[in-house]
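Every chain is named by a letter (A, B, C, D, E and F) in the order it is written, and numbering of its residues begins at 1.
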Amino acid sequence: MQERTVYVDGIFVPESKASISVFDRGVQWGDSVYDAARTYNRRPFKVREHIERLYSSCLYTRMPLPLSIDEMEKITNEVVERNMPLVASDHDDMIWWSVTRGVNPPSRSVLDCKRANVIVSTFPVPFFNFAKPMMVGAKVVTPSIRRTPSQCVDAKAKISGKMNHILADLEAKGSDPEAYSLMLDINGNISENSSGNIFWVKGGQLFTPTSRNILVGVSRTTIFELASRLNVEVVEGDFTLLDLYTADEAFLSSTPYGILPIATLNGAEIGRETPGPTTKSLTESWSRLVGIDIVSQAQKCSAPATPVLSP
Amino acid sequence: MQERTVYVDGIFVPESKASISVFDRGVQWGDSVYDAARTYNRRPFKVREHIERLYSSCLYTRMPLPLSIDEMEKITNEVVERNMPLVASDHDDMIWWSVTRGVNPPSRSVLDCKRANVIVSTFPVPFFNFAKPMMVGAKVVTPSIRRTPSQCVDAKAKISGKMNHILADLEAKGSDPEAYSLMLDINGNISENSSGNIFWVKGGQLFTPTSRNILVGVSRTTIFELASRLNVEVVEGDFTLLDLYTADEAFLSSTPYGILPIATLNGAEIGRETPGPTTKSLTESWSRLVGIDIVSQAQKCSAPATPVLSP
Amino acid sequence: MQERTVYVDGIFVPESKASISVFDRGVQWGDSVYDAARTYNRRPFKVREHIERLYSSCLYTRMPLPLSIDEMEKITNEVVERNMPLVASDHDDMIWWSVTRGVNPPSRSVLDCKRANVIVSTFPVPFFNFAKPMMVGAKVVTPSIRRTPSQCVDAKAKISGKMNHILADLEAKGSDPEAYSLMLDINGNISENSSGNIFWVKGGQLFTPTSRNILVGVSRTTIFELASRLNVEVVEGDFTLLDLYTADEAFLSSTPYGILPIATLNGAEIGRETPGPTTKSLTESWSRLVGIDIVSQAQKCSAPATPVLSP
Amino acid sequence: MQERTVYVDGIFVPESKASISVFDRGVQWGDSVYDAARTYNRRPFKVREHIERLYSSCLYTRMPLPLSIDEMEKITNEVVERNMPLVASDHDDMIWWSVTRGVNPPSRSVLDCKRANVIVSTFPVPFFNFAKPMMVGAKVVTPSIRRTPSQCVDAKAKISGKMNHILADLEAKGSDPEAYSLMLDINGNISENSSGNIFWVKGGQLFTPTSRNILVGVSRTTIFELASRLNVEVVEGDFTLLDLYTADEAFLSSTPYGILPIATLNGAEIGRETPGPTTKSLTESWSRLVGIDIVSQAQKCSAPATPVLSP
Amino acid sequence: MQERTVYVDGIFVPESKASISVFDRGVQWGDSVYDAARTYNRRPFKVREHIERLYSSCLYTRMPLPLSIDEMEKITNEVVERNMPLVASDHDDMIWWSVTRGVNPPSRSVLDCKRANVIVSTFPVPFFNFAKPMMVGAKVVTPSIRRTPSQCVDAKAKISGKMNHILADLEAKGSDPEAYSLMLDINGNISENSSGNIFWVKGGQLFTPTSRNILVGVSRTTIFELASRLNVEVVEGDFTLLDLYTADEAFLSSTPYGILPIATLNGAEIGRETPGPTTKSLTESWSRLVGIDIVSQAQKCSAPATPVLSP
Amino acid sequence: MQERTVYVDGIFVPESKASISVFDRGVQWGDSVYDAARTYNRRPFKVREHIERLYSSCLYTRMPLPLSIDEMEKITNEVVERNMPLVASDHDDMIWWSVTRGVNPPSRSVLDCKRANVIVSTFPVPFFNFAKPMMVGAKVVTPSIRRTPSQCVDAKAKISGKMNHILADLEAKGSDPEAYSLMLDINGNISENSSGNIFWVKGGQLFTPTSRNILVGVSRTTIFELASRLNVEVVEGDFTLLDLYTADEAFLSSTPYGILPIATLNGAEIGRETPGPTTKSLTESWSRLVGIDIVSQAQKCSAPATPVLSP
């Protein structure tokens, strides 16, 4: 089986050779940021937006980036082009950037790190993972774990160290492996899923948490654009669980699936049908935007993916 | 130049080959825990205590560990033994464990990770890094960044994702590269340095933050033991900056240096001399405990370390 | 079928007639406190302690109680005595006190309420409800709902308005109907189950949250007494989830069951066996104290209870 | 004296017979929600809006309602019609809905409650209670008790368990029985009175706390509508006490009185006259809306009400 | 009438001439700390302890003090000796230290302030102010204003800028001019009166808030000493209002009055009699310690004091 | 050398005689509010706005002001007119108001203070203090000290007791004497500099913290007006450090300097050049508004000011 190509610190290597030193600060201390996009119809979607957000994360964490935004985009496109021949015709790939602060210097001081380690890879979109909830709706559970407040690490930065989200998933999935976690912030406001944003519809308006305590998704921004075209007003704010329990419909947004309808919140049904009418309209608009029926693709491509590497 | 040996996921490899896949969750999502010990007189110090804390971190994060504690200790000792011939006679090595959740499975779900990736390595103690403050005292600065609260990620777990600490260091070192950061928790209680605990002396008693919002250091526990022998009472509690500004003396404790006296807090001198008399007594007790004069060693071995790998 | 007797506002009535006006503030505004005890071997257990706590709740909420503590105890004993003939020989009854502020006065002002409405009743201990987890351990889940902080309503008062706890149960049971909820306080400290306190064992010590943000159970105090006899030290403090995930064993304490071993926390097993050795010892001590094998009784009496009233 | 009729769990009964079992969860655990409207000119005012809010509270608390919204409205109208002949010609009645989760099932588990208990009643508007402050202004006092945060129980749900508000009233009235309490939320933002919302005027604009940490009053919404007609802009936000101390005028809004001018805040006069000009205009608009002079009615009907039931 | 002498910035002046520039940072920015003691039997009481606390406040705020502790004590004694002839034989004086950062330098930078301005004065103990509550008990009210958290300004420092306390008094006295305020901290824990600490008795133990969020009174420490002699255990901790509402007795401690019994909390009576038996014992012990009956003195000297200066 | 004139409590005095009693509550307890304006081209700038804000602070703190706003403005103008002959032709003066609650009455109760002490003075604008950063940009540092929350003392009131801000400056300047502090609030939102507000530019919009947790500067309002003329949208909100680290440009606003460009945040450069283009435009607009080139004036007048009084 042929391998995908990965860009690692200046060179292109086959994925089975794509590795970094165990002395890299990304491994030792999670001193790393990342971003993730995907292709639609085998073409990268909003790659520039993702790279700009990646550079914002780098600015916040002072990563000594050796590449300009344009160079990063060029390399990304090259990785995608090299790998597309390995992607089945109806499938698509995720695009993944990791930027670590490099091998820990002898001083182990952050000030002595002079060149960040940039990694660009692609791997199959895990369709089988969300094919079913895309039809019947996701089961959302609110764990006790709260989203890390921005006075500790800014939620708007896409930091690799996601243990906060992983613990939330572990809690939510502890009772039901199919559950999707939905974290609140430490003030009890609805925040985000471990890898997606949340929206709900009530009285014809679309609601979503403000950008203050969340990772501002590129998919979330896409929803704003689609809603605007559909003349659906989007209201950002600080919301609490009653708002979601009494919603007419609700969905998650994230890069792999775009839009994922929500069926239940902590076991209580949200709205009367899943997906609701606005969710359906937005999903259709999304499909038109990317030139592919995103629900059908998920169903068609839902065979379990081959591991990238034998784990 | 000969290389140290590293244990990576079941095998022993030279350090320049010690790497992990860029698809490992430790790289992609900081889904990893770690611990760090060191040798004194070329013998591992309190390795069992460090491994037990590592296993506590693994339990909290539900890492699917493939090794028992005894096996881990055995492997650790083997790594140390293999590497000792490469350590100069008056030097010592750090011992580092990383446990990642392994290569991200196709589902990308935490529940499908069945075998954690264990890494055990050693590298030189960075004496040159603390040789000077060991003599004249560290300059401690309190950044605006707060320690992540335990309702988000438990501070008592040694999670690899240390961006919270790294941001604190970046702030503190932004005005003075020699500064050591001291984080407060979100309630304003004194918490910890990015890689050490804090103690201070007042009226003959030793004070230190409670274990609730800190990583409970093995060095901290050692200080408790030494203080007990010196009949110095240790008081744990929630303390605020006035307590530290009005202290008679203060110091940090951490694995690499053991005890590091503090000279100033945000530019204000702490106490009348650095190190203070209790700090000196504890340092001498520490030296006796480990069979080596820890201050002298730091001075003697303070030449800049050779990089483990060219960064 | 003969009915139990209930004391309602000065008179003894059969349970099917035991009711209060829909204009009572206890109905309209949950303006009410309560307490609950049970019999062991058909004798009330620590009734005086429960009544004293009830009076503490009344003092805090300024309930205009028409009865002294002694009168309340006398009435309670009379209700129990009247009802015991209706209790099967191996069964026991719960004892329940409700104190409402009475019918809302025309002014609807709290200052115009002059005489609280006292209700004393008994009903079967719901053995069938905890018979199974008493053998195999409870499945504990931490909901996102936080315990109301004492600056809003003091957690140490046993207020009838338990919507906070009920919402916690609804969340926890939303994924698994058998789950027991465990609430954290708004700072992320472990607080309490909707109707019980929590304990865990680690390194031979017994740990439990401080009394600050919990309802201080009479069963909790009983555990303190039994632990003291077994020379097990009890440590009260502010604890977080890592403490519980890494415990050797854990259990809940509450009036109906006394001690209930915990099997899992959010799906993760606690300790190596359920119940653990200390939990077993405490359970045996409890049985000796009350003169009945509490585990056996639960098994024997686990047939679904007859409803008090057809709901 | 003839009695009003009350709807209780499916049947119409005279008020002296309108009661619920002491084993009802509404009595034992305040497991209940409610709402309250009133008539103006003997006609129900915005009953549909109140019932919709009641259903929102039921959805949040998962009350197993046996009635549709339309059925509830029909029953409500019937109760009002039956009772109107008992209401003096210039008087009006309050309309009160309570929905409890019914008699506690033998398991005492929330999941086994299958049919909520619905109560609909009316009783005289307590005009004498606010007749005086309607003329001279209310004395508002901020107690130390904070409004329960929505991460514990959502402030937007009208939960029966109002001990939080009752404690606030007890504090505020402890020094002055005529005082109206005004609670802050736990972040110190102005929240609400125990049974009303607050507004103030400054520089021609109308200010009021956001809907996040308050019960969103139907009267509050009415104020928004009236202000819109008067071309007065309403600004919702997070406000603190300085905003209110420096206001030009202020008032409370609630179902019984509509608008109640505020004279003082913690003893300090608000503005130059009570009521202020905007308050007066809004009061006049309100009177026009409901077809009755609400200030005059309060004065005319201010004889102490006859108790519904002898308390 | 002869004037008392005041020490101002190095010289002794009559009180009517004791002034500081309006350009002093103490006037412009409250950049100042203070402390206050009193005489008993015309002799300074615990002056050294007060001066040490003053120096702790100076250390925290980095005041450039021109005097050693010994010099400060000597000057203080001289001020007291000069003024004692002006004090009536059965009266006593307060002793007051203010330390400002001096006249604002042209740069207006805190770093350019090189010499603090020290003021030492005395004035009559305001006996008439607490003579009545010393007999019948103080009326304590909890305002909505919270004690400033130590992450903003450390509560353990005696900062001159007391607007936080003054606002608390204004709120509490807004409904009842005789009220004493009792502030909570932002977590709802009982903190302190605007110029005193609080204690209460329950079950034979004495309770008081921990030193974390309060100004640790010298009178508070004196209570600890007296309690120790009476074999009354003192428990420090985080307490909430229920603890105080259900206390057997309660009192305030402060320099002017020593011990002041509490009669009511927000209008609710505390305990059965005022003062309670333990409060009485402590008061008697205090009187013995200072060689004067402190209750009698307050009654005898309760004529309104002559103003220091015509205000 | 001739002296400036100061208005103190009803009379005009030379600045060397302008003093207040050490028994004034402004000295003893920081019981005082203040405001500060300046002249441009020797004419007072927005004096009315400053006085109105001063009166708002007085209302909040219940200062018993003996002067109407018009009287205050008249006195202020007189002080300025008297002092202008002493101001060099190209210089300008600060205008300073202090309002204290007067000499502490014998009762020491806030309720017995009947007449506030009003002080109006002028002194040279400290140009030399900001001349350099006006050219090269300020170095901004975020200290650990948080802005006092409004539930303790309302941030919108200009209270004299600025120890919170002074401690922030001491921390920030502890590592670099040239640093400007930037405080966060206790939730981690960007708040304010010790004597200025903050703005930043991103994507063509101007951002600044909401008025909730800051002192709302008159300069800040001026920026809003200038931005409006330049068609630059101003967005108020709750922002965190990432927002500022990723800004295109940033600046402070305050009375003495108007606009001060920011070069670095905790050592990281903000944007590409200092000042940025929008900052430059706003500075030019400001200069046009006040009829003087504010950057040039600062450079020309940057000789160290003569002390008002020898400190």
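In this text, contacts are C-beta pairs under 8 Å (C-beta built on N, C-alpha and C of every residue); 3 or more make two chains touch, one makes a residue touch a chain.
It should be emphasised that the depicted structure is a prediction, and the values quoted were computed from it without experimental measurement.
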| item | value |
| --- | --- |
| Reference interface A-D: repeating pair among A-B, E-F or A-F with over half of contacts shared | A-F |
| Subunit A-subunit C separation of Cα centroids, rounded to whole Å | 44 |
| Subunit B and subunit D, separation of their C-alpha mean positions in angstrom | 57 |
| Subunit E residues counted as touching two or more neighbouring chains | 62, 144, 146, 149, 151-152, 170, 173, 184, 186-188, 241, 268 |
| Pairwise touch network: line, ring, star, complete, or other | other |
| Pairs of chains found to touch, sorted by chain label | A-B, A-C, A-D, A-F, B-C, B-E, B-F, C-D, C-E, D-E, D-F, E-F |
| Interface residues, subunit B side, partner subunit C - complex | 56, 59-60, 62, 149-152, 154, 156-157, 187, 212 |
| Footprint of subunit E on subunit B - complex, ascending | 184, 187-188, 237-243, 245-246, 268 |
| Complex contacts: residues of subunit B adjacent to subunit A | 6, 8, 15, 18-23, 26-32, 34, 61-62, 96, 98, 100, 102-111, 113-115, 119, 121, 123-124, 126, 128-129, 144-149, 151-153, 159-167, 169-170, 173, 177, 186, 304-311 |
| Partner subunit C, residues of subunit A touching it in the complex | 139, 141-144, 146, 170-171, 173-176, 179, 184, 186, 188, 241, 264, 266-268 |
